[in-house]
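Okay, here's the structure, questions in a sec.
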Amino acid sequence: MDFDLVIRNGTVVTASDIWESCDIGIKDGTIIAVGPNLPAKAGVDIIDAEGAYVTPGGVDCHVHLSQVYEAGVDDLERSVVTDGAIPDLPNYVADTYDTGTRSAVAGGTTTVVTFASQMKKDESIIPVIEDYHKLAKDQSYCDYAFHVIITNPTENIVENEFPRMVEEYGITSVKLYMTYKPMRLRDYQILDVMYSARKLGITTMVHAENTDIIDWMTKSLEKKLMTHPHHHGTSRPPIVESEATNRVISLAELMDTPILLVHISSAQATKHIRDAQTRLLPIYGETCPQYMFLLADSMRKGDFEGAKCVCSPPIREDKADQDAIWAGIKNGTFTILSSDHAPNKFDHPNGKQRGLQHGNLPYGKFRHIPNGLPGVETRVPLLFSGGVLTGRVSPQKFVEVTATNPAKLYGLKKKGSIGPGFDADVVIWYPQATFKPFNLTNEMLHHAIDYTPFEGVEFKNWPRYTIIRGKVVFSHGQVVGKMGYGQFIRRGKSLLPGPRDVWLSEWRP
Amino acid sequence: MDFDLVIRNGTVVTASDIWESCDIGIKDGTIIAVGPNLPAKAGVDIIDAEGAYVTPGGVDCHVHLSQVYEAGVDDLERSVVTDGAIPDLPNYVADTYDTGTRSAVAGGTTTVVTFASQMKKDESIIPVIEDYHKLAKDQSYCDYAFHVIITNPTENIVENEFPRMVEEYGITSVKLYMTYKPMRLRDYQILDVMYSARKLGITTMVHAENTDIIDWMTKSLEKKLMTHPHHHGTSRPPIVESEATNRVISLAELMDTPILLVHISSAQATKHIRDAQTRLLPIYGETCPQYMFLLADSMRKGDFEGAKCVCSPPIREDKADQDAIWAGIKNGTFTILSSDHAPNKFDHPNGKQRGLQHGNLPYGKFRHIPNGLPGVETRVPLLFSGGVLTGRVSPQKFVEVTATNPAKLYGLKKKGSIGPGFDADVVIWYPQATFKPFNLTNEMLHHAIDYTPFEGVEFKNWPRYTIIRGKVVFSHGQVVGKMGYGQFIRRGKSLLPGPRDVWLSEWRP
Amino acid sequence: MDFDLVIRNGTVVTASDIWESCDIGIKDGTIIAVGPNLPAKAGVDIIDAEGAYVTPGGVDCHVHLSQVYEAGVDDLERSVVTDGAIPDLPNYVADTYDTGTRSAVAGGTTTVVTFASQMKKDESIIPVIEDYHKLAKDQSYCDYAFHVIITNPTENIVENEFPRMVEEYGITSVKLYMTYKPMRLRDYQILDVMYSARKLGITTMVHAENTDIIDWMTKSLEKKLMTHPHHHGTSRPPIVESEATNRVISLAELMDTPILLVHISSAQATKHIRDAQTRLLPIYGETCPQYMFLLADSMRKGDFEGAKCVCSPPIREDKADQDAIWAGIKNGTFTILSSDHAPNKFDHPNGKQRGLQHGNLPYGKFRHIPNGLPGVETRVPLLFSGGVLTGRVSPQKFVEVTATNPAKLYGLKKKGSIGPGFDADVVIWYPQATFKPFNLTNEMLHHAIDYTPFEGVEFKNWPRYTIIRGKVVFSHGQVVGKMGYGQFIRRGKSLLPGPRDVWLSEWRP
Amino acid sequence: MDFDLVIRNGTVVTASDIWESCDIGIKDGTIIAVGPNLPAKAGVDIIDAEGAYVTPGGVDCHVHLSQVYEAGVDDLERSVVTDGAIPDLPNYVADTYDTGTRSAVAGGTTTVVTFASQMKKDESIIPVIEDYHKLAKDQSYCDYAFHVIITNPTENIVENEFPRMVEEYGITSVKLYMTYKPMRLRDYQILDVMYSARKLGITTMVHAENTDIIDWMTKSLEKKLMTHPHHHGTSRPPIVESEATNRVISLAELMDTPILLVHISSAQATKHIRDAQTRLLPIYGETCPQYMFLLADSMRKGDFEGAKCVCSPPIREDKADQDAIWAGIKNGTFTILSSDHAPNKFDHPNGKQRGLQHGNLPYGKFRHIPNGLPGVETRVPLLFSGGVLTGRVSPQKFVEVTATNPAKLYGLKKKGSIGPGFDADVVIWYPQATFKPFNLTNEMLHHAIDYTPFEGVEFKNWPRYTIIRGKVVFSHGQVVGKMGYGQFIRRGKSLLPGPRDVWLSEWRP
């Protein structure tokens, strides 16, 4: 047994089990043995976990980096890609692969799945994928993969390019929007995507909000001058999400194809997903820390401070929605926990301040506030500190939703768990007894953003080491990995249940 | 007590009570007394009910007459109105006010609410209403009122013309389509209509089917050459209806406005309505006899015979759906039973035969079959014979769904019941003991259509007399009323519960 | 048309319709005509309703009079009946037929159905029925009928005496208790009753609370000295009711027999009933004004004042339960509204004060507080004033649940509505414009009880006249009827849907 | 790394992950390393898995051995224990620890949890536990633990002996019956048990059937001479189970204590459990292979052959129930799969033949047929062959419900998984490519019973090796372990979520 690195004496957690006083033996970036007292030859690197929790590196499958922005900017287009330097334009997210993945590893995340986003005018997704490859290549601190956002599912794309996307590019998931004018698909188009996705074993991610309600409410609120940041939430009550969730579940049932509902925020949408799962439909759910740890009062701070917490779906008013999200984590409705890291600067004219550039109102217009929050660095520590250490979720459930299930759902076969054959992507926490709790400030974080929505939140632990394929990339507060170490990961098909071959009429695909 | 007509010795039924051995005293078209042994002066007309049931005249609130056709004919427009003479064009229904209301009274219906249908290019609904007035005036055997079908809810129409529609024209309901290309509204447009409808106390009727699914499935089935009439049903499985039903209930909850889901056909949509009613939303449901008495095998007869039963939503495959419709009648989910009389001839090039004009297939293409069935004459007798006389529904429930609730829902204040102050619209049935059951043939009916989907059904009773405002218009199988006797009825606001002033966010209308 | 009495110019309400400016012609105690301007010969009594509401006399089907008390008094037995003079013993309710029905008519109730209660040792129910006849005969101001409470369903009783009860005595309903030691039946015994009830068309009323939970919680609370009156509620959280409700619905489904769940108080039990009705089971629900107008804080007043509001099931803590009860009235889950008039004096050693006689605690022991509230006089005005006049329920719904449905459910064929052939049992309200709202004090009431739980509640109207079979028995605040005018009413079978002949296994009755 | 045994080249499955080409290193009965190519010194035992599945040894937590019989034998008592020799009496199950555990290991089960059963007259459970220890000690081929069946929860037992049971005896679960006259508890007694169980971290298992319905139906069926074996099912329709399931979930919610519903057989009971889990109640569900692989026609074979499949709850009539059980396995409603091995011989006067000893009927009386089936040997292979190999469940789900979750639920901390620190309890399957499917006959099995309900079922694989604490006990069809090798396992508290500290009223334990 020839190791490069041995992690000693961890309380190792998988989605199922806990192995106490356990070592992890790593060779060539892969875990090749687990067990107590593994024999280490001289010269082998040793890290002593001192009995602390050792968990799989976080897999964050909803991260926007170097991307043309998802929210409602109708009039701009994808610029030429220039090695990850994000143009200072309002339709780009404000973290590159550089800053975004640096932030990821500092928060215990070892793999991100980001988005390669088709623009409506793009007649092919192949150059889109290639462009994003250029943006990410040699720029990433952690491993990464792509989902492809489909905004214009032409026959050529779904029939001819989807197979290439899967086979040549190792991309096995696409994302759709039911809202946002530049991206949204009609139900008809969603069916086109699903039809092809089913054949190819693609998982379809869906941002489910009813775009017509949002547009209508926004227009109406503006007439009433109700345009404060928190009215963003007013324009999108939970029914906006639950209606669209029910609708797209209906489409998926008709097509018998697996989907993931992204960033679910409300009780009623959660119920729709749960009911579908009860009936064994291959419907998966995602939620995010902002829906577990924040409420809508975060959007009411100051005249415009609330803009920091403007995202879609909005953070909810009602504690009952927040409770339902926690319940959904515990009872298994939510397959994965992602950050939806969609970073915009606050104090920047192309960031949240854009909301102030319209209408001569002191509190701006929520319609023009770029949607999204940064969160890739805080996701894993928030659930560990606020979930595991408070007893709200078990260590195994923490591992399941932050690492194992994301990897399974998206076909990251060697990611998301600790065990023989898995990539040695590992987080070592601090021994609990010696850790001094602290309150988060944005300066502690490693993204390019000038705020965090979780400012002031107390953390009772934090990743001490983040290890990717056997290399320490973050240690005791310092990013020690190198930009460019992160590799692109080709993905296989989902390892979670797929189509059932149950049909609603005589029609068959 | 000065009567024009006394109906003697009836078993009089209201939606609540039964009055045995009861007379009805009528003066100037109005019921002015009920009770046993009413004193009748010499010369007063007397009809002896001989103890038989006497029920309120049927109120059928879903009848298409002299109308540009609702189904998917994209390329034709409303022609000039010429006194009720329906142009021999494929986009017109095949019954005029003349033939349609003649058929109505022969089946015990005394009031119909028909449709005045805006075409998408119509920039005003006022001439539409006027045109339909011309079509109906002096042409009708029974009383009538209009719903206005809105296919293009411009700001001018919903803001300025809806108030005129209500105030000047006495029209307090509109109908929307979520499917059919020439008529369908997007959710945004539905919200525009609902917003104004709420303010004005208008009831909004909705044909709820997901148009994108239908279009997608139709295209896919045609590729597979699955275009037989019964594949019309294949293209629209129950989820098409239940999705749209859930969606429009969501819109109505958001807007806090009453809606009626028309012609509900499936268990799952019925459940959505029931659940909404449990929560006290002002959601009303309508079903039709075809969903209670027929199953999808009716579309499988012969090569093309099945086209006779092609309507939307389709008649269902699964007996469980049919059972759910019956249950919905009994437990109150369905507020009203209507015919959805949407008549097309079978053996006519602009009728059902149009389905054969495409594709050189022996069984045609279901896409081109005009949707709809005749049924205004059979609606009341079917529920009486197949419901009351079989013990499946009580006489009071029969009255409630065929007359009282339709009148209440649509603000027909003097219609729909028997009692002091109500119009003397009455059906007298045959004494049960002496009635000889018969099997229906189309020749017995009075519409202009060459078939009935209920051919061969056994009837255990039938209206013996139909009386409208104190005049006998149908007697012992003969229409004895006069064309033009029927009057237009201005309507008031719904008498059933309306908005609750419950809101889903800070937004208020 | 020869009338004894004509009521002029009422706004007459049935469960379905409203007849404005309507007269009611009455002869020999029966309504023989309704209509405007009925001709009245000279000498006929005339009452001018002045346009006010005229509603059917209240039918209160849950009234305890002259009865051995239902609550947990284990050690006492039914005494010899002595013409309605209630023994001053702790196990007797404190209103006789005299005082109770006087109170009823003063509150607009014209028929009460009271209880003839078998004691466990009674081997026959025939003498029980006879005894209660003696208690009621010549003692009642209003009409009355009996339910028989079955506490020991021997084979002889269910097989041989139930048929006699129905045929000879005109009693078509029985009541069972799932709690209270002296009365409760095991599920096995309930099945025995249901089996016979089904054959005979008997409606079975059930007091559904889980007796074991109550006993266990009471014991446990007493150990902790949590014995304040409001801990009565603590001992019986809503799950006590919802569990038993689900259980007895299961038994009724198995036996395919109609039941009424009495005095439902909580959201969850309401949901069980609603779900059963959705599936068309013949399950009926009753609630009472105390669950609509009071909350559990009424049991927290003073040291012991709260004892006034101790009843079972308890008045609920959570406004959500109260809201659910209102919703159940509106959406039809509750078939009837009854008072559950179960009167005990407060300031009497055999009344509520019994709760202070144990344990040397300043706030007594809730276990020993006789359960029950007076309410027969307030039931009808509460729903009229707090429901109809606030717009929460329609006039028709008010009539339905206070009069029409109770009469239908229990086979009171000539009661509960206004129309030809019905008994002339009528309430005339004050013209709204001229009525001066007042706040209720117990002195205004006519029962024998020294308090009302509704003390201080504002009433916006009150019955101006109560008329029974054509005689005014209450007028402008004065009881003008005579004790003994009230008659025993033999009842027929329920007029609401009964068994469905649907079975859960090969077994058939 | 010093191993006693190395298993080479397995496809190792945990409840979460699959490790391909993986070795397992075992020392002193414990797994001390997993990983490819573990170094084995000379002399170490090697087993080559040849790439086949290697799964955790089965943990069967519902096994009746050497036990006074659970079913309805009212008149017999627990005999003196004589070293595991089961008296030939009708109230004893027909497998001892010897034959039962021999059968277990031959079917891949390495730990059984059996029952120590209090008789109603036993005033202490301590001697009961001691007696069963004598029955099991030195008699078992596999490891074992005890649940204690409580049939008379006296204050002394729940207050004083439960703590001893947990602390001294390492028994952390009890089982209750809601039916069977000699064992059933009233709800009150269940609350007594739950109250103490909550304090001590005991998991309460519940056999949930409504005993009164069963008794009543049995009596009624016997009157009708409907006593064939399959009428056992007639007497216990699914509502019997669903009612009791809902009831005991209510009790558990009130007491905030975890329970396991044993041997769930029907859709409706499954729904109750699922709904409780949705609300995060600590409600766990168990089902058994007989409800997944058999239907009620198995009870209709021959005149009396059906008696072989008489168990309670009965195997169901409706495929929809069977489907719901499968769905419950897949969606996580069922925490564990157990055998409910409750063995009776068929051709033995104290076995199933007892059903023929009454009533002179050719097909006997189902009431007298001992309830229960043998199944400890077939449980694991059935789910592997009929579930994993058919694609109906994943290998991880198979492991979860047959091993990992049973161990977690019952606090078997070192059982149920493969990983460092776990006992080396392992099943090695045959390489699929080379395995020849066979049809099961009872002769192949190792129990003491003369039939199997799964006679003729095809198996596509079977355990090739069963290993307990590093020793091979079953190999290539031969039991090679020794009687007495199995050890008693002291158990800790459940590792699955327990009480939530959510209360339904002011009451607190």
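Per-chain residue numbering starts at 1, and chain names A, B, C and D are given in the order in which the chains are listed.
The working rule: contacts are C-beta pairs under 8 Å (C-beta built on N, C-alpha and C of every residue); 3 or more make two chains touch, one makes a residue touch a chain.
Everything numeric here is computed off the predicted structure, so don't read it as measured data.
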Let me spell it out: compute each chain's centre from its C-alpha atoms, then which one is farthest from chain D's centre? B
Inter-centroid spacing, chain D versus chain C (mean Cα positions, whole Å): 50
Express in whole angstrom the distance between the two chain centres, defined as the mean CA positions of chain A and chain D. 41
At which residue positions does chain A touch at least two other chains? none
In graph terms, nodes being chains and edges touches, is this line, ring, star, complete or other? ring
Which chain pairs touch, all of them: A-B, A-D, B-C, C-D
Chain C residues touching chain D - in the complex, by the definition given at the top: 186-188, 190-192, 195, 210, 212-213, 215-217, 220-221, 226, 231, 233-235, 237-239, 242-243, 246-247, 250-251, 253-254, 317, 504-507
Counting only contacts in the complex, chain C reaches chain B at residues 1, 12, 14-17, 19-22, 25, 31-39, 274, 277-280, 327, 330-332, 394, 396, 400, 404, 417, 419-422, 497
